[in-house]
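In what follows, a single structure is set out as structure tokens and then discussed.
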């Protein structure tokens, strides 16, 4: 079950001028979380690295699943789902964290006066995305604020935001840098509760993942890929407006609101993408373990057979900085 | 004399072949998975699907009930709509010519694209799900009913009219009863789509139900439980399918007896 | 004498009623949207759907071609499978009893749950899409063919056998040709599902195609473009549906002529 | 046998044309006039497709004539349906009703409560040789019995005149002979006024007081033949020279018409 | 008319039982023996459902007898199909073939190239009154013409013996009489050996050299009646006293059998 032709053997990058084909699975429709990818693609960084990158559009399956099954080589991930999948033995590993901190938050309409703090969410309706982490995370925040953590959970996936705007649900988890701006531009501004304000561990807002076995067998290609992609993201940090334009040009049928894309990219680039040392993409044991321990204690981690994990796995095996830094 | 082709029927003759085929397929699958050492996230062995599904039988059962509720309410609604449309069409040629192309067109709508919109339009309560189930199932019933009503031919109509019946009495005394066998045939086709439609509707947004269960289990990388739910769906569909035979026998015993008598001659 | 019910046919009598109903619906929709000032993300006016869709006609056209390709390849595959199964079943009673329940069961599989798995199993290429289209469309054709083969009754079979024909010649000379009208009826039902099936398959994973276009536009809150693509889908389906009538007339002219003659009497 | 009196039925210059679309019309009945005396049994015989059923539909009030009048007891009844009980060629028994319920259909449609209607119908069962089959369903009956049940359904309505459109056309020759025999028995008992359409010359002669031969389409009266055979007629009568003479005369006329119809039909179908 | 010689067909003690499932059997044919001389036209007549078609299927080699032998020219031919050309009650013309192609069907099935088979078939068209209809499709033909086409398809095969299973059963009485007339014409021209199943006594007497009456199920020979009427027979003959006498004799026997069949059938259906 392997569709990516290039994954068979390590053809030392650009040795004979032939590009190595790799596939990249997206988590959503193209948005500013993906700017680095499209910049690297459009500016030819991948080609320079001897790579022919094919982007697989979002299709309702987690990139983790696709990468694990060999249907994709790389992809976007989020720390919760990536953690679950790896606990269950998925053949994935994080190789870069383009967003270093929470960029999502608990969001509700700004005009919803009934909600002043997380405990007011009790008894209301949450529009979710089907990830097992959502309810425990929200409950932790609500309980930390003195609530009971009892609320209605409706899995709506891609329709969650419309449901919020139309008032069918009360809260959801938007990306402040994407849906947040979109909502503002379209006249339904939102307000947020930040997870870390309620003692919740920090989280990488965006991950790049790869197939662990494949990467082990093709370290050179992987390195070339990772660094080319990082270059794209770094360009986006340096030149938000220019890279926003590239993103839009690459996705003319989806991204039509210039203001949204530009504003979003400016916000991301300035506030979210570099760590406190001003470095890009690196991950630490502490941040992986911080969120991982919460999931472990909440009983969310299960092994390959579905048995709940009781002991912490080796968090450091969940990610690697080696392809980015070498 | 009119039986088409001799078939060795009987209970065992009907039950053994499909069961045998299913068993062969399952064993082959089990062997393939164990021999290639495939990861259960990609393709779990049937034994695993069964064991894991059984372990969570109570949870699955809860979701099944929710799905069944959506299915039945949606299907009931579908029946009402289908009967109303079919009767209206039976009484008016203009309506028939006006509506039929639209009904056909309605079947070409990609529900996968419309279902999420329905949630925006109608919320995530029962309504959009009922609408999806109805949209998926009403058409075969309408077609079956219209065909059935027309089984009553010109001569029967003349007979009734000669007795002094108007259009309405003709409908009640002839067209309606003679449509029942086609109605049940259509019902059977339709009801197998009903469960799938309900799961579909749940998949795009629900709190409970096999659809949401599948979607969550998929997100939790539990392919085995997804397949367990698929199996439950199939069983549910087939049960409803078989149920229509029972209902048919109760509602129109004459049809069944007649068929049997004709077959036996 | 055998016409069921007098219908005022003619080209205009057939075309005007549905067009009128569609126009009324569209105008009502347009008015409702403009009067309530609904946000186009929730429900765009039909005029907006049309204008915006037209502006992106070239993009949509590209996706349409991709979908058409999947549809046609998938449907061709479906035809091959359906014919193979139907012929096999026609020749073997055991196969019939063994396979039919499984084929019915196959129609109760919620594709929405299976499609993502197909991508894991078969990747992003054409294969999983072809399989989805085939899964959605093969069943009515199999049923239509089997019914059609059985139109040739015992007496016809006896006639052929008295001429010295064996089972195979009987099939070629009688069962096959007499199945053609039912085959085309089934084809018609089936092909309307083909486009929807293709879009479905694309929705869960594709590079190109109306399905992926809808999914992306939906996530980009472009309900108007989603609906434009829905309209294109309907037009595509209906075109294919009408095409089957043409093909039928070319392949089995006798059936058409006979029907016409019988209707006219 | 019957004195001169107002005829029970009188057809005066019936004409029927069907619009075919595209401005064309098809003339099916042309200037048909004849009358039937009370208690008389008249057979109408004519080539296939000549317009017999159309004529019946006009008489029964199911269709309006393009021109002409249908009179019952001297009064014009064009388009009225309450005078005639009509029996079609196919038995058209409803499989979802028992034989008794089928028999009661006409009364029910006319508003008689179901229970009473079924009672009424049941009272005819022994006359019609169906005793014991009241609660059977149609599929349980043989062809001849079904045809008797259909006639019962017609008669139960208690109308003045019976219109029988090839009631035995679908039966095999043997059963047919039995049924003719039986019909002639019940008819002589009830002395209905009856008009029978048939294709079968022997049937026409055997059952009728008078036989009317229609021409090929458009149907008009070609011949009226009084059948002057003693009643009750026995099966043996069909081999008598008188019977044979009637038969011969009808065969001759009819074959001529049949050939015409045949030629016309081929012409029409080549069109 | 025919000298003493080996019979063309000889049936010797034919028996047929069908297994009904559950260990039960249904006896349909019991100890049927009769023979047909070369060039002879024999009609078989019997009540509905008595087993006539089953007997034909055995003769035609479509079914094997439980016991007994079918002989052609003295040789046992149980289960062989090449001696008989068989014409079923329904015309069974294929709508997708022209009349000429329908006529050629038997030859094609037997391996004659299509073109040649169609040629052969066409050579019969004028004899069968179908000239000009070679390229017509079945729906363009009237009932009588379709039946002639079906007979043509049977005859074209050039086999020694024709088996006709109620060829005119579906026609109306008038067309039927025309067809009988016509058949007797072509038969005297070709002098086929033919066995005809019919329900119609008059048809049997009019066409046959000999009539065989079967009992109700299980069918066995109840009566063999030599029809000693001069040939060629004209339509007028049916009203002759000799004809009438044969008819009367057959009616009597048959009615008795019919009543038996009827009683049996009702019994069976109540079962």
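In order of appearance the chains are A, B, C, D and E, and numbering begins at 1 in each one.
The rule we apply is simple: contacts are C-beta pairs under 8 Å (C-beta built on N, C-alpha and C of every residue); 3 or more make two chains touch, one makes a residue touch a chain.
Being a predicted model, the structure only gives us computed values, none of them experimental.
Engineer: Ranking chain pairs by contacts, what comes out on top?
Structural biologist: Result: the chain pair B-C has the most contacts.
Engineer: Sort the other chains by how far their Cα centres are from that of chain D and give me the top one.
Structural biologist: Of all the other chains, the one whose centre lies farthest from chain D is A.
Engineer: Could you give the separation in Å between the centres of chain A and chain B, each centre being the mean of its C-alpha atoms?
Structural biologist: Taking the mean C-alpha position of each chain, the two centres sit 40 Å apart.
Engineer: Between chain B and chain C, tell me the centre distance in angstrom, where each centre is the average of that chain's C-alpha atoms.
Structural biologist: One centre to the other, that is 18 Å.
Engineer: So how far apart, in whole Å, are chain A and chain D when each is placed at the average of its C-alpha atoms?
Structural biologist: Centres of chain A and chain D (C-alpha means) sit 85 Å apart.
Engineer: Indicate the residues of chain E shared as contacts by at least two other chains.
Structural biologist: Residues 140, 269 of chain E touch two or more partner chains.
Engineer: If a residue has to touch 2 or more other chains to count, which residues of chain C qualify?
Structural biologist: 1, 41-42, 116, 120-121, 203, 215, 218, 261
Engineer: Give the residues of chain A that touch two or more other chains, as numbers and ranges in rising order.
Structural biologist: Within chain A, the residues that touch at least two other chains are 1, 61, 65, 69, 158, 162, 166.
Engineer: In the complex of these two chains, what residues of chain D are touching chain E?
Structural biologist: 47-48, 140, 142-144, 169, 172-175, 177-178, 198-203, 235-236, 238-239, 241, 244-245, 247-248, 251, 254-255, 258, 262, 265-266, 269-270
Engineer: Considering the complex alone, what residue numbers of chain E touch chain C?
Structural biologist: 57, 60-62, 81-82, 84-86, 88-90, 92, 94-96, 105-106, 108-110, 137-140, 157, 163
Engineer: Could you pull out which chain C residues touch chain A in their complex?
Structural biologist: Touching chain A from chain C are residues 39, 41-42, 56, 59, 116, 119-125, 203-207, 212-213, 215-222, 225.
Engineer: Which residues of chain A touch chain C in the complex?
Structural biologist: 1-4, 23, 28-30, 54, 56-61, 65-66, 69, 71-72, 158, 161-162, 165-166, 182, 186, 252-256
Engineer: Would you mind writing out the residues of chain C in touch with chain B in their complex?
Structural biologist: Per the touch definition, chain C meets chain B at residues 1-8, 13-14, 17-18, 20-22, 41-43, 93-102, 104-105, 107-114, 116-117, 120-121, 150, 153-154, 192-193, 195-196, 199-200, 203, 210-211, 214-215, 218, 223, 226-227, 229-230, 233-234, 236-238, 241.
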